[in-house]
Amino acid sequence: MDLRRALAPRRTAHAHCDIPCGIYDPVQARIEAESCYRIIEKYHASSDEVFRARCLIVKEERAELAKHHIDVLWSDYFKPEHLEKYPDIADTCWKAAKQASQVKRTVDLEEARKLLELIDRIDEAWKGTGGQTSTRLPA
Amino acid sequence: MDLRRALAPRRTAHAHCDIPCGIYDPVQARIEAESCYRIIEKYHASSDEVFRARCLIVKEERAELAKHHIDVLWSDYFKPEHLEKYPDIADTCWKAAKQASQVKRTVDLEEARKLLELIDRIDEAWKGTGGQTSTRLPA
Amino acid sequence: MDLRRALAPRRTAHAHCDIPCGIYDPVQARIEAESCYRIIEKYHASSDEVFRARCLIVKEERAELAKHHIDVLWSDYFKPEHLEKYPDIADTCWKAAKQASQVKRTVDLEEARKLLELIDRIDEAWKGTGGQTSTRLPA
Amino acid sequence: MDLRRALAPRRTAHAHCDIPCGIYDPVQARIEAESCYRIIEKYHASSDEVFRARCLIVKEERAELAKHHIDVLWSDYFKPEHLEKYPDIADTCWKAAKQASQVKRTVDLEEARKLLELIDRIDEAWKGTGGQTSTRLPA
Amino acid sequence: MDLRRALAPRRTAHAHCDIPCGIYDPVQARIEAESCYRIIEKYHASSDEVFRARCLIVKEERAELAKHHIDVLWSDYFKPEHLEKYPDIADTCWKAAKQASQVKRTVDLEEARKLLELIDRIDEAWKGTGGQTSTRLPA
Amino acid sequence: MDLRRALAPRRTAHAHCDIPCGIYDPVQARIEAESCYRIIEKYHASSDEVFRARCLIVKEERAELAKHHIDVLWSDYFKPEHLEKYPDIADTCWKAAKQASQVKRTVDLEEARKLLELIDRIDEAWKGTGGQTSTRLPA
């Protein structure tokens, strides 16, 4: 299966997606993923049971928010024409969402680092497709 | 770009996704999409302004729930091996999520019908990949 | 006290409830209750502390959703005329909501099974009062 | 059907509900219902379209919160022994939840007043069953 | 810095805040803080691990609700003229919000008691500024 | 009243707030405020009634999120020692939260611009107190 061909004839169907051209920024996902990273660090630095239980509770909800922001970028921001320039972005978003689920499951700092990397790759594609100027207001 | 090849080397990375093999059912998305359909029907059948305003408020939130359930199926249920049997499923889920956004924007019944159809195609893939027996409890 | 008599004179007051004749389906409650069931199974199958803590966190939120869906069926779907055919339904819904609370509190699989049974009895009353045709869209 | 008899044999099954004997107070439902009342007053006092649209949006969410608090009182606070002293409480809670739905649908101030009255009847039963001392902390 | 002077010239800018003169009552924050208090009591009275884990999960969400209600009082109810009569109220609300965060972190009953005291001081200022008659409906 | 003196003796009481030194960034509030700004622009550019109703619904929820992020910065990030360097920050945060409420109420673009300016002043204080290095992870 060729993704470019598969998506080509559907461009018109997707065209409505550019209204409204909302505000998007992968930093929203990154901030939640950074929370997960710090929480895991603190989890390992502590031996207090109450604190550790709280780490798992808050990480669960922060990772869910990271996942939500990734889903929004994937289903709302990215459009078929972006896939031509960044053919891997479908897979990257998919992996990032799955990695956010993985971060819920684990206290392995490496998994949180992988999530940050995947979000940074989405960020590159967002910047490379003009996201910074088209989806944020100038200061 | 070939999606099958693109995903092949990443299978191991995705493999953690089968834990926990939670409960999934596209009927959750379908129920919310049916609400949107009925709300649009009622919107057109009424000339009461308060009622019509409420239709738009409730439709907004029901379409968001439909979208959430679609995102969960895409990022949590489907795994690389499913893409081999249903190579269009990535695109179908993407279109379904975008269509849920479209249903928020419109009072065109046809758009709600399209969302139902896309969810039904996800449902087919869910059934075809054994979802009914692997992700629901027997009655 | 006779429930039929107690409710009879109030029928008119409740009559507004059939607008809007929304979309209802006990499967929404059942899916969340199935999640609780599977989570409890997995809880006992694991000795990993992080995993077990996550089970309790997620079960808490899934049981709350089951309870919400039961409440919606009770207060929005069922109407006085349904009570004539299913005089126990008030008690069944009450017990089901209380059982959802119980499932939050426990890791006893039997309690999750009881919740499923109570939801199945609500489902019977929903089907027996024509819910499948009046509150869902045909495929 | 006799409600007292119907519930009698189920008392043991419900007995777990008194753990945890949480904090309950019908004032939570009343505050949200008062918001709905004031919003409807302001709706009629204004001719500004944006303001009126906002009234409907906020009323929708406040009525939902009122309904949630009523559901919690019904399914969590009240127990079989309370039904002996207040045999109408099942019906009052049911009507109150349905009335909260009605308040979502309307800008008729009388409907908001009816919701307040029903909540006040729940409040009487809560006080009459010792709720004030058993479910709140002393100042 | 003198707070009275600092706020004086900004009174006009804040004046819009009295529309809509919503419904406010510190009892909403107090009820959630009482839940935290009771949960901590029960936490110490139990040696059941599942129960104790649930205590931490539910306390986290109850303390967040207390904090939200405190924030609403601070940013929506209180206005510059109230600060003249209760010059400490800015600091009290700040401390109360921070104390709600502290209650999330701890199982020290004394911390929950401090939160109740701070909410009671907000309640005094609410009463002293006429909150009971201006922001609640008469029974 | 002198704010510095008023807060001085309470510093110890607030000291617990630096655990956990979570992740904070005013960009979260800014992104939601930018959404409000764009929504108001689009509201005026359209004459479609359904679109305009949706603008009010979505703006309501985006402004609430902006307000939440402002509240978090105020009650969680800022500490007594920051007030010495930025003595106006208490008032700026208060005005920003109130301005977020104002943005809910209006379709005046100027009000959305004022919210952005207030968030930018919070951002300055966050940067000036070392927020960028102490509360975000390096890329």
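Labels A, B, C, D, E and F are assigned to the chains in the order they are written; within every chain, residues are numbered from 1.
Convention: contacts are C-beta pairs under 8 Å (C-beta built on N, C-alpha and C of every residue); 3 or more make two chains touch, one makes a residue touch a chain.
Predicted model only: the values in this text are computed from it and were never measured.
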> Looking at C-alpha means, what's the farthest chain from chain B?
Replying inline: E
> Between C-D, B-C or A-C, which repeats the contact pattern of E-F in over half of its pairs?
Replying inline: C-D
>> I need the rotation angle between the copies chain C and chain D from a CA superposition, between 0 and 180°, in steps of 5.
In response: 180
> Same or different: at the chain B/chain D interface, is the fraction of residue numbers used by both copies above or below half?
Replying inline: different
>> Just the number, please: Cα centre separation of chain D and chain F in whole Å.
In response: 34
> Quick one: chain A and chain D, Cα centre-to-centre, how many Å?
Replying inline: 40
> So which stretches of chain C touch two or more other chains?
Replying inline: 53, 57, 105
>> On the basis of the stated criterion, which chains touch which? Give every pair.
In response: A-B, A-C, A-E, A-F, B-C, B-D, B-F, C-D, C-E, D-E, D-F, E-F
>> Touching residues of chain B toward chain D in the complex: what are they?
In response: 50-51, 53-54, 57-58
> For the complex, which residues does chain D have touching chain C?
Replying inline: 1-4, 6-7, 10, 13-14, 16-17, 19, 67, 71, 74-76, 87-88, 90-91, 94-95, 97-98, 101-102, 105
>> Quick check on the complex: what are the chain E residues that touch chain A?
In response: 53, 56-57, 60, 104-107
>> Could you list, by residue number, the parts of chain E that touch chain D in their complex?
In response: 20-23, 25, 27-28, 31, 34-35, 37-39, 42, 116, 120, 136-137, 139
